[in-house]
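Structures given as structure tokens follow.
Look at the two complexes coming up: subunit A is in both, with subunit B in one and subunit C in the other.
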Partner chain A sequence: MNKYLADRLATACFWAAAAVITGILLFFLTHIFWRGAPVLSLAFVLGTPREMTAGGGVGPQLFNTFYILVLSLLFSLPIGVGAGIYLAEYARPGPLTNLIRLSTECLASVPSIVLGLFGAVVFVWYLGLGFCILAGAAALALLNLPVLVRVTEEALRAIPVSYREASLALGATKWQTIRRVVLPSALLGMVTGVSLVAGRALGESAILIYTAGLSVSRYFPDFDPFVAGETLAVHLWYVNAQSLVPDATRIADGSAALLVLVVLVFNLCIGIPSRILQRRLLGGGGK
Partner chain B sequence: MGRLVAERLTAAEEAIRIKMEVQGLSVHYGNTPALSNVNLAVKANHVTALIGPSGCGKTTFLRTLNRMNDLIEGVRVTGRVLLDGEDIYRPGTDVVALRKRVGMVFQRPNPFPMSIYDNVAFGPRIHGLRDRRRLNEIVEKALRDAALWDEVKDRLRSSALGLSGGQQQRLCIARLLAVEPEVVLMDEPTSALDPISMLKIEELIQDLKATYTIVIVTHNMQQAARVSDSTAFFLSGELVEYGPTDVIFTRPRDRRTEDYITGRFG
Partner chain C sequence: MTRIRHSVLWYDRFFRYVFVASAALVSLIILAVVFFVARQGFLTFTVVSPWEFLFTTNWNPPANYGAFTFIFGSFAVTVLAICFGGPLGLAGAIFLAKVAPEWVRESLRPATDLFVGIPSVVYGWIGLTVFVPFVREHVNGAGFGLLVAGIILGIMILPTVISVSEDSLRAVSPALEEASYGLGATRWQTLSRVVLPAAAPGLVTAVILGMARAIGEAMAVQMVIGNSPQFPRSLVTPTATLTSEIVLEMGNTPFGSTWNNALFFMAFTLLVLSLAMILVVRLVVRHRGATP
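Coming up: the complex of A and B.
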């Protein structure tokens, strides 16, 4: 086989792999929206669910999805980003660093169902929170944490050493260098990571079934973090598996489509402002 | 009596003219020696060139002068490096303040991914300057001193990454001048640039000498001959010869220096 043929063959293989991925995604999206889009109406998206009769909506579930996500990020972002900064900028090779890295990797490899049961034992029962939004958010934070650590560390490591050297050689302290040069430059990488984390969290069900519960507050919207808060993904599972409503399939189809939309909108919502923020951090002031 | 005072003054002037003095400096990376027992005095308002083959320790030497070597894992420095008579390796030295006095220009232009203005304003800002008017003045002066003002004055707000390599390097020099260092260390500042940009930077070095003390590492013999007043030749971590540039280039004492300068060397 000559090298030109091999070259063309290699190109074809990688092209095919990329096409398969795109194909799978397109199939899922078309399938989900084909069945789900007709269901999406204002009454469905913002309406309250019904237990026995057809025509219920998923308003509270949609609200809970975001509420739990935001709360979980609130818990996990400071710790995850902090640990990531530590590992990328401060940690020296040694037993402590190895321990932190090992812990992060172990946490990342815990199956979500185990985190869910852990959350049920610790947050729901031991701490006595009961099935509630707060317990769900705390358990979800455990899922986010290792990913955030890794994403932050990788985003910071991708910033050239020359930026750090330039800053230090101007008499900047380490923190000034991190705060004014490294973090702003790494912001987009970190936001990409947070989007990934958020996407995963939005679709997470196993953890939340055992911590946030399968029911929603009778008020909508209810900001009380101590009430049960079923999310969209959990609802999707619930209506298919246990619900008594006659239009369960319709609700599941609509929820699935809505969930995909939510992930998309959420990523746009943090992607665009973070670009603006980066421009301001790197080019701020002094006009 | 009068003569005595005059002599003292000359002695004092001589003392002032030594900006940095390196005494018995040895540097190890782990167990690998990089520099051994280097003694060298950098004169104020002089351009001192450091030459030698790759791996001879000249960059290591340069980076000990503002303690940028501290950033490297497992580095061990012995000996003394005096800046205006004060040992910068003495325990308790404020390294951040030291680097404000002894700044550095790197081999590859490394502007921050910010606007041209913010690159130059970076130093003054981290040292606490907030006043806009004052910042504007400093930025303009630094850019003028770095011979870049006329080329960028209409696009101070655009990204520094859009400049050419030579402009980026002059921007990095402007960024350094904005913090008003006393000593400027340059690590092969033109090796990544085209010949015209190189000449611009060399002219700039000549202009800067009036205000700053400059130490420059270069692989380019002609450059060392063109820009420097004193030249130090390093080989395998040792300082082989150090003296006035014209002497080093015309009548070197050491055979190895002569071999290197005339290109009869590995």
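Coming up: the complex of A and C.
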């Protein structure tokens, strides 16, 4: 009888753990939107920030968030996808492949503040860009890179070997096989992976403070990549840490809610549909 | 015909080189990161002795550069994070992998995605608006300090711990479990004596990856730690960590000054610690490969 009691108790503990985890999440989301929702108006979301008086918005920060994300993907996608293709299609077991795998893992484990300092040394000072959107995007690209390599490799490895064999048997070269057969079938998996990377990059702040800077352009929208570009996540930190505006609490509440909302909407619009589509395609006859 | 084949093969070789070059670039980048951060960091020791930097607690630049408080703070918040997040995450992973009915599992899966989706500054902001006032009123002290930082980090590492350990629990061969059930063991007996030992390397990996995430987290910690360079006398007195100190002081120090270099050496310390954790994970995984 004793062991059945222990089993029941253990099961109860696991259910309790799951309930605690879900409870924390629900509490966080409620707290974020409870405090932030009253602030979220069109004037706040698209308005320009103010330094000293109340009533400022976060329009330029929201714009910079997406602008830096797009630029950073522009830098990191070709390299990340290229390295992923190499690891999935070309690499043979050996010291070189081991080295590349190890460096990808190491790069993924570097704390983002350390990458931020590296970006500050190389892009801001040595290349003389100063605190600007371009420097921030380049540093953020380093953060995206290892994840992109991994998701590309995983997406390519999910494609059955028989696809490649069929193409090669028809006389196609390796590159023709990759371009016409492997990449199209793996595209959906790669989009899912990229959306995960982008969702994470949207909320990143430590890497951007000392590369993209803490101020925004006077013009909005400003596409000049050589001006400082504070993002929404950085703004949330800045408002809490050292801002002088009298309504800092209000702006922090609104920024937090808007930031989480942006990440969620982004995931809902790109991540989840592609995940469902992918499951359906692979379930329907892909494998 | 031969000419066409020739150009096709040329393309083939060209793209091969493109891919090799991108892969090599990834290796080059991590080497460059280590090189530049280390070079800038080691300039500190032209002025400050390594002993003073690593083992004394008087941080008062430009006179004294004792950074032990920050090193201790980083380790302390990491250990606290594992104490809070480790058991909860492992229990959650066991629940998802072995206990939960199908529909509960499917409805909980987006929950872990949501945890990842919340940006780290928002975690910091929640710490600032919920946990710090709570601790100030119900425990004591200023509220800022290791305790709140540890709790926030413990929650932040949950998705890492859960997803890595869930994968390793699923990878345990069903034959082992069935043999245990066949002998009349209950689910808890099977879990505690068969599944968990078999999945142990994966669970260790999960905890180490959680630690790597916790020790490198900057923004959330900076917002709740209190940012005072004093050795913490309790869990609720303001102190600082390596990451929080870098975030706080990087903006006020000119590039190339000893103060600035000291911040780079702190970053180098973080870099070495997180690379060491990756190597430990590699060893653990290889060990698993050796014993089936």
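The working rule: the second predicted complex is superposed on the first by the 240 of 287 C-alpha atoms of A that agree within 3 Å, B and C clash if a C-alpha of one lies under 4 Å from a C-alpha of the other, contacts with A are read in each partner's own complex, and residues count from 1 in each chain.
Everything that follows uses one rule, which is that contacts are C-beta pairs under 8 Å (C-beta built on N, C-alpha and C of every residue); 3 or more make two chains touch, one makes a residue touch a chain.
Note that the structure is predicted; figures quoted are calculated from it, not measured.
Asks: Going by the touch definition up top, name the partner, subunit B or subunit C, that contacts more of subunit A.
Replies: C
Asks: Would you sort A:204 into first (subunit B), second (subunit C), both or neither based on which partner it touches?
Replies: After superposing on A, A:204 lies in contact with subunit C but is clear of subunit B.
Asks: Counting only touches as set out at the top, which of subunit B and subunit C does A:173 meet: first, second, both, neither?
Replies: The answer is both, since A:173 touches subunit B and subunit C.
Asks: In the overlaid three-chain picture, which partner chain does A:181 touch, first (subunit B) or second (subunit C), both, or neither?
Replies: So A:181 only meets subunit B here.
Asks: Tell me which partner A:92 touches in the superposition: subunit B (first), subunit C (second), both or neither.
Replies: So A:92 only meets subunit B here.
Asks: Report for A:158: first if it touches subunit B alone, second if subunit C alone, otherwise both or neither.
Replies: In the superposition, A:158 touches no partner, neither subunit B nor subunit C.
Asks: Where on subunit A do the contacts from subunit B and from subunit C line up?
Replies: Of subunit A, residues 173, 176 contact subunit B in one complex and subunit C in the other.
Asks: What residues on subunit B touch subunit A, complex-wise?
Replies: Answer in residue numbers: 66, 68, 71, 73, 96-101, 103-104, 106, 108, 110-115, 117-118, 121-123, 125-127, 132, 135-136, 157, 172, 175-176, 179.
Asks: Help me check something: in the complex, which residues belonging to subunit A touch subunit B?
Replies: The touching residues are 92-93, 160, 162-173, 176, 180-181, 185, 282-284, 286-287.
Asks: For the complex, give me every residue of subunit C touching subunit A.
Replies: Touching subunit A from subunit C are residues 8-9, 11-12, 15-16, 18-27, 29-33, 36-37, 40, 88, 91-92, 94-96, 99-100, 104, 108, 111, 113-122, 124-126, 128-130, 155, 158, 162, 186-189, 191-192, 212, 215-219, 222-223, 243, 246-247, 250-251, 255, 263-264, 267, 270-271, 274-275, 277-278, 282.
Asks: Report the residues of subunit A in contact with subunit C in the complex, numbered from low to high.
Replies: Subunit A reaches subunit C through residues 3-4, 6-7, 9-11, 13-15, 17-18, 20-22, 24-25, 28-29, 31-32, 35, 78-83, 85-87, 89-91, 99-100, 102-107, 109-115, 117-118, 120-122, 125, 142, 145-146, 149, 173-176, 178, 199-200, 202-206, 209-210, 214, 233-234, 236-237, 240-241, 252, 256, 259-260, 263-264, 267, 271.
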